[in-house]
Every structure is written in structure tokens, then in C-alpha cells.
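Just dropping this structure here.
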Amino acid sequence: MSEITQKILSWYGSDNPGTLTNLARLLEQGSLAGTGKLVILPVDQGFEHGPARSFAPNPPAYDPRYHFQLAIEAGCNAYAAPLGFLEAGAREFAGQIPLILKLNDHDLLQNEADPIQAITGSVADALRLGCVGIGFTIYPGSSYRFEMYEQIRAIAEEAKQYGLVVVIWSYPRGSGISKQGETAIDICGYAAHIAAQLGAHIIKVKLPTAHIEQEAARKVYEKEGIPISTLADRVRHVVQCAFDGRRIVIFSGGPAIGEAELLEEIRGIRDGGGFGSIIGRNSFQRPKAEAIRLLQQIMNIYRGQ
Amino acid sequence: MSEITQKILSWYGSDNPGTLTNLARLLEQGSLAGTGKLVILPVDQGFEHGPARSFAPNPPAYDPRYHFQLAIEAGCNAYAAPLGFLEAGAREFAGQIPLILKLNDHDLLQNEADPIQAITGSVADALRLGCVGIGFTIYPGSSYRFEMYEQIRAIAEEAKQYGLVVVIWSYPRGSGISKQGETAIDICGYAAHIAAQLGAHIIKVKLPTAHIEQEAARKVYEKEGIPISTLADRVRHVVQCAFDGRRIVIFSGGPAIGEAELLEEIRGIRDGGGFGSIIGRNSFQRPKAEAIRLLQQIMNIYRGQ
Amino acid sequence: MSEITQKILSWYGSDNPGTLTNLARLLEQGSLAGTGKLVILPVDQGFEHGPARSFAPNPPAYDPRYHFQLAIEAGCNAYAAPLGFLEAGAREFAGQIPLILKLNDHDLLQNEADPIQAITGSVADALRLGCVGIGFTIYPGSSYRFEMYEQIRAIAEEAKQYGLVVVIWSYPRGSGISKQGETAIDICGYAAHIAAQLGAHIIKVKLPTAHIEQEAARKVYEKEGIPISTLADRVRHVVQCAFDGRRIVIFSGGPAIGEAELLEEIRGIRDGGGFGSIIGRNSFQRPKAEAIRLLQQIMNIYRGQ
Amino acid sequence: MSEITQKILSWYGSDNPGTLTNLARLLEQGSLAGTGKLVILPVDQGFEHGPARSFAPNPPAYDPRYHFQLAIEAGCNAYAAPLGFLEAGAREFAGQIPLILKLNDHDLLQNEADPIQAITGSVADALRLGCVGIGFTIYPGSSYRFEMYEQIRAIAEEAKQYGLVVVIWSYPRGSGISKQGETAIDICGYAAHIAAQLGAHIIKVKLPTAHIEQEAARKVYEKEGIPISTLADRVRHVVQCAFDGRRIVIFSGGPAIGEAELLEEIRGIRDGGGFGSIIGRNSFQRPKAEAIRLLQQIMNIYRGQ
Amino acid sequence: MSEITQKILSWYGSDNPGTLTNLARLLEQGSLAGTGKLVILPVDQGFEHGPARSFAPNPPAYDPRYHFQLAIEAGCNAYAAPLGFLEAGAREFAGQIPLILKLNDHDLLQNEADPIQAITGSVADALRLGCVGIGFTIYPGSSYRFEMYEQIRAIAEEAKQYGLVVVIWSYPRGSGISKQGETAIDICGYAAHIAAQLGAHIIKVKLPTAHIEQEAARKVYEKEGIPISTLADRVRHVVQCAFDGRRIVIFSGGPAIGEAELLEEIRGIRDGGGFGSIIGRNSFQRPKAEAIRLLQQIMNIYRGQ
């Protein structure tokens, strides 16, 4: 095991050796094994946006086995998905790629100002499917945020007891903040900090913009001169907000974008000391060979090449 | 053990020896050991106000280990924080400073007229992390206050069974009272009494002003001539409201203020018979050496020096 | 993952993907990764024979960290030990070597005609320590054998629910059989079959001799002309007894013996289609460098070199 | 906290911060605070030998408060006793001395060849009384030893979850060994190792003699030339048997003996690297002033004075 | 409440106010209210000896109401009986006399060398019947004694949680001791001590003789010159054995005897500092008026008249 992995494990002193073991499995897998960097393939888009919006651009992706294969072939660190998708391939691909069971999910069949997700899996499911951890989304900014914080608190307590890793998707959304505020630098940092305080081992946030949402925050950012002009600056700040870099923070790429733009983002994450990416639509909505090529380019950037 | 500590323990006759033991650990720790006075370092500001507003004024404070070190080096009686912050240092600093797990937390990502907090930790967490007790915020004045009273009732019942100390942050807030009323003397005394009635061993309230919020209360304060003109008067009254001084009442300093002003407040708390302070932003937002010097001045005042 | 590993996983159709994942972790670890062969380091000798008899021949082995290091450096597939030994290294070596928690243990402080073991760990322990599976000894031939069968039945049911691998040490012993019968070919085959019927994923037996213990069995062995003259013959027969080779059967080397003799045994296991070895005293009672060299020779034999 | 204490805590990597905190409380208490050495006052003799045999030599010791006072005044690290004795003083002396609840006890009202103890307290009792840990006796050598191993396994699992320290009194006794064998060097080392494998944090054994009980062991002691001629040699060997010194091993003084003889034993324990003593009858059967003087001499020896 | 009662309550510092309240109800009832002395009417003889042997001498005693009336009219502190007897009068006499539910019982339908009792009631029964406490018999000396110790440990834990008083009948009996030894002074003191260590609030033992049963004890009694020649001496010693008088110890009168002899025994208990008597057959086997007269004489003696 690499020294970097061992150093990262040392940050989690209140976790049992079971959780450390599963964290090590994640960090020592795939092309980025032992680098302290992670690229995870998440496929909960079908639940979130509907199957056609998610998979019609690349029809083989309707098949749940496709995503296991993509993650394995591309050398990802893990594959994260809801219950159904994992159940549909967990036996066939057992032991080939660390799995993260997404324990709550959301659809777009209501247009809520204040979203919440449905709990769609359990810690017991994660164990019977051989997962290294569980994933959970919170929406800081929603009027239901406290309900979600309480859900993940109880789930995380159980997961940690059984040696699983807890991954929190911390996505600001809801009537408490503006649309622009969802990716504002102050809100992204805040969201990362809340996830860390809730006990997350790995935190997934969106790439922040230079927008500042809250007036009370703006005063501090200006007074203290917190650098936020470049993406790397902002990534560095978000990582700092998550216990000064002592929690793993990874970034999601958002909607499918141009390759050059995406790779530029990856360089920003790397330069800012981010721990990696969750790459969903930008991978599974491309033909497989192309997706693998792109993911490998991303991993090369994280390896500093 | 000092006679003062033993006298304080004698007030808690319905608690088991386990809770008394943990209360004694708190009272016999640090620079104020055995004086019956307490200075506690609380760091839940990151969750409440966001990380940048909390830690950018003193960036080393982004690191969770910083606060353990600050509390230990300054000679505080305890360090109180949410789950994530405690998990991130509990092994490294095991046995060096009594810990209080803050079991509920609030963020500023919604602008509620009637606030509540999310439950973010458990009694089992407090035990596995080696805490002496648990902390919980109630908002008397909020339309959700009864839900919070019921939450802490159930949690306190469990905590006491396992020998933990129950600390209630009693912060009047919500549509039932005015902004000015949040620190009104009648409301602060009322809030302290409610916390005591809910079974708190230690009660944390804000420093009261001479404002009186409720008309029905004003008549009594005037008729009975309750002295409230000086800070010491008001502290004395709040302490009286908490079972005539037979429950430990400590005061929070509020936002970071000037040093002279803060020390004057501490003298007022001391002169009024308050049991000490929770000093958050006024300590961790200063450079460490300065914070330690200030905390030691505060402790000197409490020791009557 | 190798095709051989995938083929082996296909034999366990009633197990959940969690158990298959942990089985794959075992099979894809170390020098024999992907060969379908296993060499496991077991260190329960301290409990069984006392610490001096176990570790005085190689004093560094008194230190629980030694065995983790030995298993890792030698490229073993797993390290199996009782609770105390695993607890003493599981954090330090988290993620570096698959662990098997031995859930029952025996000492030599009574001289029983009919032995049983004490249950000394739990499935919950295995999970919090990050183990891939649990180990359990049964003594077919003891008057307490049914009690042991019932214990492992209940434990295996729980372990499989949580995705763990079940390894049964099936050691004939007790008043029902003679001393010579403990390694008789008919009894070894019988013991392997019982373990398989109890639901073991991996079965550990002793190397069989050509002795036949039971008269009723002798008639059949002779009538059917079952070949048992060479060690390879006997290994082949025991593997056949364990569901015709559709359960992993590994063999224990017994007391420390000469190197040449040991390697000859390994060739017999390989030639008979055995799945590998558990090498305890023959490894940890030698100086570490020598033990590693020997283990590598053994692994080379299993790789067909 | 001393560096020695921190080093000792580092040996317990699979325990949660709660258990480490309570272990630190033990190690940082009294005259030996921070030295890595322990002197514990155990008073279960009344249950074991009857009250007159235990307390008539020093009648104030009939009073349960006496033993709290003795442990506190002498500067012991902890006081260990059965439920009744702890209940009778836990409120009055709350927070003044770490307590260990002895969870099983034995009396001499039957003359069993194979002894067992009765379970006389619970983990919940230990928590409500404010104890740092629980104590449990096993009798390796008794035909009931496996029942005791299974009892402490279940109790230890629960205790560790709640952050308590597990202390095992490992006293060889029963039909499996001779009277002389109860303190034989091979058996004492074996007993210490079994306790360590059962997950004990602290192990209490009797001082070993140079007798070797088991023939199979004798061969190894002679062949390997294990030094056992002096008490220091034997203590060093027993400590080695308990995970090469990575578990705390303390020694009991046995029946009340002459002061010079006792102090000579203490020097042997110190020179052999033992972690300290449990001193029962040799302290509470003397007048208090004399007992304190003797305990302080013992502590001086452990401090290397 | 009398100062004596308050002083007695102060001995039970680890019990909750509920248990103290019930203890106070016992101590402040009847003719001996507030004296610190107790006379309790126990009627479990029907179960133990059969109804005819128990009640034929005074046939009204067949009626369960009779005993409630007797206890009330005589001014006893409490009435103790098995489930059936209490159920048969608890409504009719609710609130008139403190009740103790005897939770285990024994019959004479087997002639065992090593007796145990059957559990015949529950803590829940005690609560629904309005009892102040529960009673339980242990037989130190029986080979089943540890089973009984474990039963009362679990029952006492539950009873104390619900605020009940725990009364242990500690009656040495069984193959471990001689017939004469059942009332030997060393054994009675031992039995009282064991009950106290098991957490009893009130201990009931038989009046001791000057016989010494155990050789190891005899040496101490003689060496230390423990006075045991008069009944008062022996009572004083037994009280000392029960935590130096900090647990309530009462004495049973045994078989019906002559009035003068009985009163002489009472004077001995009083002079030795005993806390009172349980008077069964000597009261309910006499005509009611006579029994009341006798009980009043007994109470007069305890009042020092």
C-alpha cells in the first residue's frame, strides 16, 4: 500500500479497521491506485433524469452491465449506483470493482422548490452486494435539509459499525438559495463542511463558481482576501473547508460538456488539491471506447502526467 | 477533589454516580480545576455560519486538530463540537480534554422565522468517542420548541442512564419573540429555567440585556423590584432562575468583540455568580497565542485574580 | 479477475455478491492471485499450544505485528488468527492483507477425550476488523460434534447474510475415532464432506494417510478400488468428497517438518488437485527471511513452476 | 499526557477513542500517573474468602468507604471491586478514583475441582457507576474454562462498544493442572496469552515460579534456553507471552506476606518489565497508615527510585 | 421523616430516588416507623412446607387476606409473600401495608442435596401489585449457588431501575456445608456479605450459632479474637460483615419456638445492632390476637422498651 494511502487512512482515527480497509480498497484500485486520487463512475442519472434522457445518447448504457464494464475497463476506483443497477450486475462482476450503493435517490416527476430524496437502499443491502460503502445525497438549502441530515446521521452510524465507507453528495439546492447560489463558492464550501461535520469519509460537491451567495459571507471573503478567482483557488478553498484537507473531497463534472473544457476542469481540481472526480454523464453518454479514452486522459492528469 | 466540586455534585441527587463522575471530570480539568468555574471551547460555528465566516479570520482553525490543541493548551475545562470535528481528533487527543458531543446543529441555508436544529449525533457516538457529555440546543420562542424539548427529553433520558452529562444551549429565538427579546432579561431567565426543568446538568444562555420582552413579566419585575440594571444583576437573576443556583449556568460571549469589552463581561458574569463561559469565536478566530493569552486572562478573572 | 477465479465463484450460486466479493479478494491477493490456489497463514497456535511452544523457536513471532508482516511480505492470500491477534494489528495493516477471524479456539489445559472449542469472536467483530471471512473449527468424532455443527450453522447463516466467507477447519478428533483415524483417508474425506454440507466456502483438512478407520468404509474403498496409495490420490479423493471439487479444499501441514518433506507434500497436494495450504508452524517458527523463501517455493509449486 | 501513555494507547488500534480515553484515565491517575506503571487496589476478597478472613485483620476494612479512601490516599491508579462494594461508595467518591467493576465473583462455599465464577454485574452497571472498565476472572485449567472464555467474549464486545476498558484476571486453576502448576512459568505465560487473545486490554496474572507444568512445554523451554531462573526473567517472559509487551500485564501479590519479601517481588516485576501490581490483601489487611506507606514504597520502586 | 431513616437512606448512594422512596415507605410504616428497625411478616411457608404444615395450626391463616390483616393490625413494616398470596389481597388492602413480592420459591417435593428455587414472579408483577420491593432467596453452599447469584443479579438490575427495593434471603444450604454449618457464625457472616456484594438493600439471614464451619475461618476468628460467645456478639459480627452496618440486616426466627425464648432472641438482635426480624411461623401459626400481642412485644423490644 502506498504511503499516500496510509497517510489518508490516518485522518480517520475514530473509524474502525473495517472502514479503513474498505477505504483502502477504494484508494488502491484501478489506474489511480495508490495516488491518493479517485475517479468514480456514478450512474444514478436514470433515476434522476429518466432513462431516455440518460441513456438514449449511448443506448448500450441502458444495460446495467455496461456500467460495471465501463468502470472496470477504464480503471476507475469505484462504481456508484442505486439498488437496482447494482443488483443487476453484482454477482457477475463480484470482486472486480469497488461498489458504492447510493442509498437515496430523486426523480423529476414533481417540480419541488424544496427537494428531498427517497431512501431506496439499506446498509444491509450494501453488505449483501459486497459494497465498500454507501452514498447519500443531502440538499443544503432545501427546507427538508435537516430531515436529510438526520437520515444520513442514522445511516452513517450503522454503516460505520459494519465497516463501510460513507460518501455524501452535498448538493446545495432549494428555496433557501438562488439557482446561481447552488454553485457559489461560499455555498460549496459550506456544503462540504456540513458533510464533513455529519461524519462523511468522502464528500462530493459541485465545482464552484466565483459567485458569492450570502452577504454575510461576502464580507468575510473580501475582508480576509480569500482567493477565489481561478478554479484551482476555489477547489483549494473547498478542500480547506472540509477539515483543512483531512477529508477526501471529490468534484462532479455536471452536465456533459466539451472534452477540452472538461479536461481543463480536471486540471483545476488537480492544481487546487482536489482528490478527484465523479464523472457520470461525461462518460456513460459517450461511446464506450471514447469514454474510456477520456477517463484515461483524466486519470493521467490526476497522476500529474 | 475540591470542596466546591463536591458541593456542586451534591445538587444532582437524582443522577447516577456515572454522571457525577463525568461532571467531576469537567470541573476538575484545566486551569479552573476545582474552582467551580468553567470555560468551555465550543466550535459548532462552521456548521452554523459556514466555514469561511468561522475560520477564515484564523485559517489554522480549519483543521479539526487545532481546536483540541487550543482547548488543551489554554487549560479549558472541555471542548464541544459536532460529530465530524470530534471524530477527526478523538483518537489523537484521547484522554487529554473532556469532550462534549453537540448532538444537534443548525445551518443558515434557510431563513426560517421558526428555527429548529437537525439531530446530527447520538448517545452511542458520545460513548464511543469518550465524551463526558452531550450538548443540545433548544430555541424557546420557536413554534418548533416543543419538538426540540421532546427530542432532548428522550436523548437526556438515554444519556443519563449511561452516565453522561447533559448540556443544554437554551437560545430564545423564533416568531414568538422579538429580535431584541432574544436577549431580554425575562426571556433569558425563562430560557434557563426551561432548560433546568428539562433536566439539564449544565445550561448555556446568552448574556441578558436589561430589556424586558413580555408585558406580563414586566409588571412583576417592576412590582418586585428585581435588580437588572447591571450585568452582574442580570447574571445573578438568570442563575436564580435556574433553580436558585443549583444548576450550572454558563454564558456565551456571542460574536467576536473587543478584548476589553469581553473581559468586562467576564467580570460581570463572575460578580453575578455565573459559573463560567463558553468562548467560541472570541477564541478560535484569534491567532492561537493571542487566544490562549485571552483565555488565561478570562480564567484569571474567574479565579478572582 | 482471472478466469479461474470467476469459475470458482460460479460454484457458490446460493451466496450473495458480498460473499463472492470477499472470496474474490482472497483469490486475487498475493503471489497466487488469480491461480485458483491459496496459501494462508494461520496463527492460532499460541492459543492452542501456548505461546512458548509456538513462538520461542522464533521470538519475533511473539509480536502480533510480525504475522501481518510475514503474510504480506510472503505474498500470502490471507492471514487467519483469533480476536486478540487481529485486534493488535488491524488498524496498522488495514487493507494490506485479507483477514480471517478465527471465531473459536481451543487450549491444551485439559486433556479431554472429546474436545470442543470456545467461541472467542463474533461476526460483528469480523466486520469491524475488516475481515473477508470467519474461521471455525469442528471436531468430527467428538461427542460434542453436533454442538459444534450447530454453532457454525448459526454463525455461518449470519456471516453469509453480511457477505463474509465461511472457512471451516474440519479436524476429526474425539472418542469416536482412533488416534490413527484422525488422518485416515475415509475420515478425512468424511470430514471434508461434512464441512461442505454445513455450508463452508473453504474447507481446511489435514493431509490424509492411507489408513482406513471404519470397517464399513473399508469394504467400499476396496470393492470400488478407490485409489489411495499416493498422497496425490488421497488429496484427489478428499477434494472429490467435497462436492466433486466444487468447494475449495486446502490442507494443513501439521507440525514443523523438514523442508524437503514439506515441499514434497505440497507437490502431492498440487498433483491431487488440492487448492492450497494453510502453513502455520512451518512458516512462523522459522526466521522470517527463511520463512518467506520457503513460502515462495511453496507458491511456485502451486503455480506449476 | 506523558509520551509513555501515548505510546501505550497506540497499541490498541482496534479500540474506539472511548476505550482509549478510559485507558488514559487509568494511566494518568495517582502517584504513577504518566509512568506507564499501575498499582490497582482490588477488593473482592470478601466475596472470595468471606468477610472475617478478609477484614478482621484490619476491621475498618469492613466499611466499603474504607477502600475508596485507601486507594485515593495511597495514590493508586484504580480501585476494583464487586457490585455491592462499588455501589456503596460510588456517589460519595465520584470522580476521585477510576473504578473497575469486577463482573464475576467466586466464593469458597463449595470445594470444586473445576471452578467457575458467577456473573455478578453488567456493563450497564459499570456505566451507571462511572467505571473506567470491567474486570473478569477466567480459570484456564478448569473444565469450565471455555464457558468463561465465551462469557468474557460477549461481555468484552459490549464493553468495548461503550468505550470501557476490559481487564482479565487470568488465574490457572482446575483439574487440568496441578496445584504447583497454577503458578508454573509455562502456565502463567499461557494464561497471559489466552487473556490477550480474548481481547483483554489489561491482564492480571500471578507471579510465576520456575516450575514447568507441561512436558511438551518443558522441551521447548529447555531447547530454546528461555531464561526463567530469576523472578525478573519470568516476568519478562510472561510479558513477552502477552503480545511481546504490547498488552498491559500486571501481577498480583497473592497472600499477605512480609514487607521485605513483597518489595523484593516488586523489584522483580519492575526489572522484568512488568506494568505493575494489583495489591489486595497486602494493603487492606494492614492498618491504613502502614498500608499507604507500603504502597508508596511500591510506587517508588516502579518509578525507579 | 426521622433522622434515623434519613441516615439509613444515605447509605444507598448508587440507588435512584425511587428505590429510596420505597425504602423510606418500609422504614416509616407501622409501630416501628422512624426507628430504623423493621419487623416484616413473611408467609412463604405454604409453598416451602405445604399448606397443612403451615396453616393447620391456625386455620384462618389458610385465607390469604388473613396475613394482610395480621401485618396491618400488628403494625408490621411490610408483608412478604409469593405471587398468589399477594394477588389474592393486593386490591383489597391496597395502600395499607408495604408489600414485598417473593420472586423465587422452593418446595419440599424433592430431597435435594443441592437446592435451588424456582422463579415464581417478576419485577413487572411487583410493580402491578404495588409492592415496595422484591424478595429473593439464595443458598450459598449449594452447587447451584452461582446460578442463583446470576438470577438475582439480573433481577436486581431491573428492580433498581424501576425504583424497587431488593431483599435477599441469604440461607446457607447445600453439599458444600454441614447441617450445623448452615447457622455457623462464619457462614452467616459470609452469607450476609455475599448478599451485600450482590447489591441487596436488605439482607435476611438466620440467627447464627457459635459454631465455626470452615477451618480457614476458624484460624482468623481465633487469632483476631472476634467475640462470638453471646447472641448479641454474633449479631454484631454479622452486621459488620454486611458492609460494617451500612446495609440493613434482619434476622429470621426459624421454627416456632417458645415465646420467652423468642423474645430473648429479639433482645440479642437488638443488643447486637440488628435491624429487626422477619417473623413468620412464630406469628401466623398462633391465634391472631396472640400473634399481635407477641409481635407488639417484639416491637417494644426493638423500640428499646
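The chains carry the letters A, B, C, D and E, assigned in the order they are written, with residues numbered from 1 in each.
The rule we apply is simple: a contact is a pair of C-beta atoms (placed from the backbone, for glycine too) under 8 Å apart; a residue touches a chain by one contact, two chains touch by 3 or more.
Just so it is clear, the model here is predicted, and its values are computed rather than measured.
**Student:** Considering only chains that satisfy the touch condition with chain B, which of them also satisfy it with chain C?
**Tutor:** Chains that touch both chain B and chain C, as defined above, are A, D.
**Student:** Using CA atoms only, can you tell me which chain is the most central one in this structure?
**Tutor:** Per-chain C-alpha centroids ranked by distance to the global centroid put D first.
**Student:** Look at the interfaces D-E and B-E and say which one is made up of more C-beta pairs in contact.
**Tutor:** Between the chain pairs D-E and B-E, D-E carries more contacts.
**Student:** Rounded to a whole Å, what is the gap between the Cα centroids of chain A and chain D?
**Tutor:** It comes to 50 Å between the two C-alpha centres.
**Student:** At what distance in angstrom does the C-alpha mean of chain D lie from that of chain C?
**Tutor:** Here chain C and chain D have centroids separated by 36 Å.
**Student:** Just give me the whole-number Å value for how far the CA centre of chain C lies from that of chain E.
**Tutor:** About 58 Å, centre to centre.
**Student:** Would you pick out the residues of chain B that each touch at least 2 other chains?
**Tutor:** As it turns out, chain B has residues touching two or more other chains at 16-17, 90-91, 124, 128-129.
**Student:** So, with touch as defined above, which chain pairs make the list?
**Tutor:** In this structure, the chains touch in these pairs: A-B, A-C, A-D, B-D, B-E, C-D, D-E.
**Student:** Can you list the residues on chain A that touch chain D in the complex?
**Tutor:** The contact residues of chain A facing chain D are 13-14, 16-17.
**Student:** Which positions of chain A touch chain B when the two form their complex?
**Tutor:** Touch residues, chain A against chain B: 11-15, 140-143, 145-147, 149-150, 153-154, 157, 172, 174-177, 186-187, 189-190, 192-194, 196-200, 214, 216-217, 220-221, 224, 226, 237, 240-241, 243-244, 246-247.
**Student:** For a test of understanding, state which residues of chain B touch chain A in their complex under the given definition.
**Tutor:** Touching chain A from chain B are residues 46-47, 49-53, 56-57, 59, 62-64, 82-92, 105, 107-112, 116-122, 124-125, 128-129.
**Student:** If we count contacts the way the header does, which residues on chain A are in touch with chain C in the complex?
**Tutor:** For chain A paired with chain C, touching residues are 1, 5, 9, 16-25, 28, 90-91, 94-96, 124, 127-131, 161-163.
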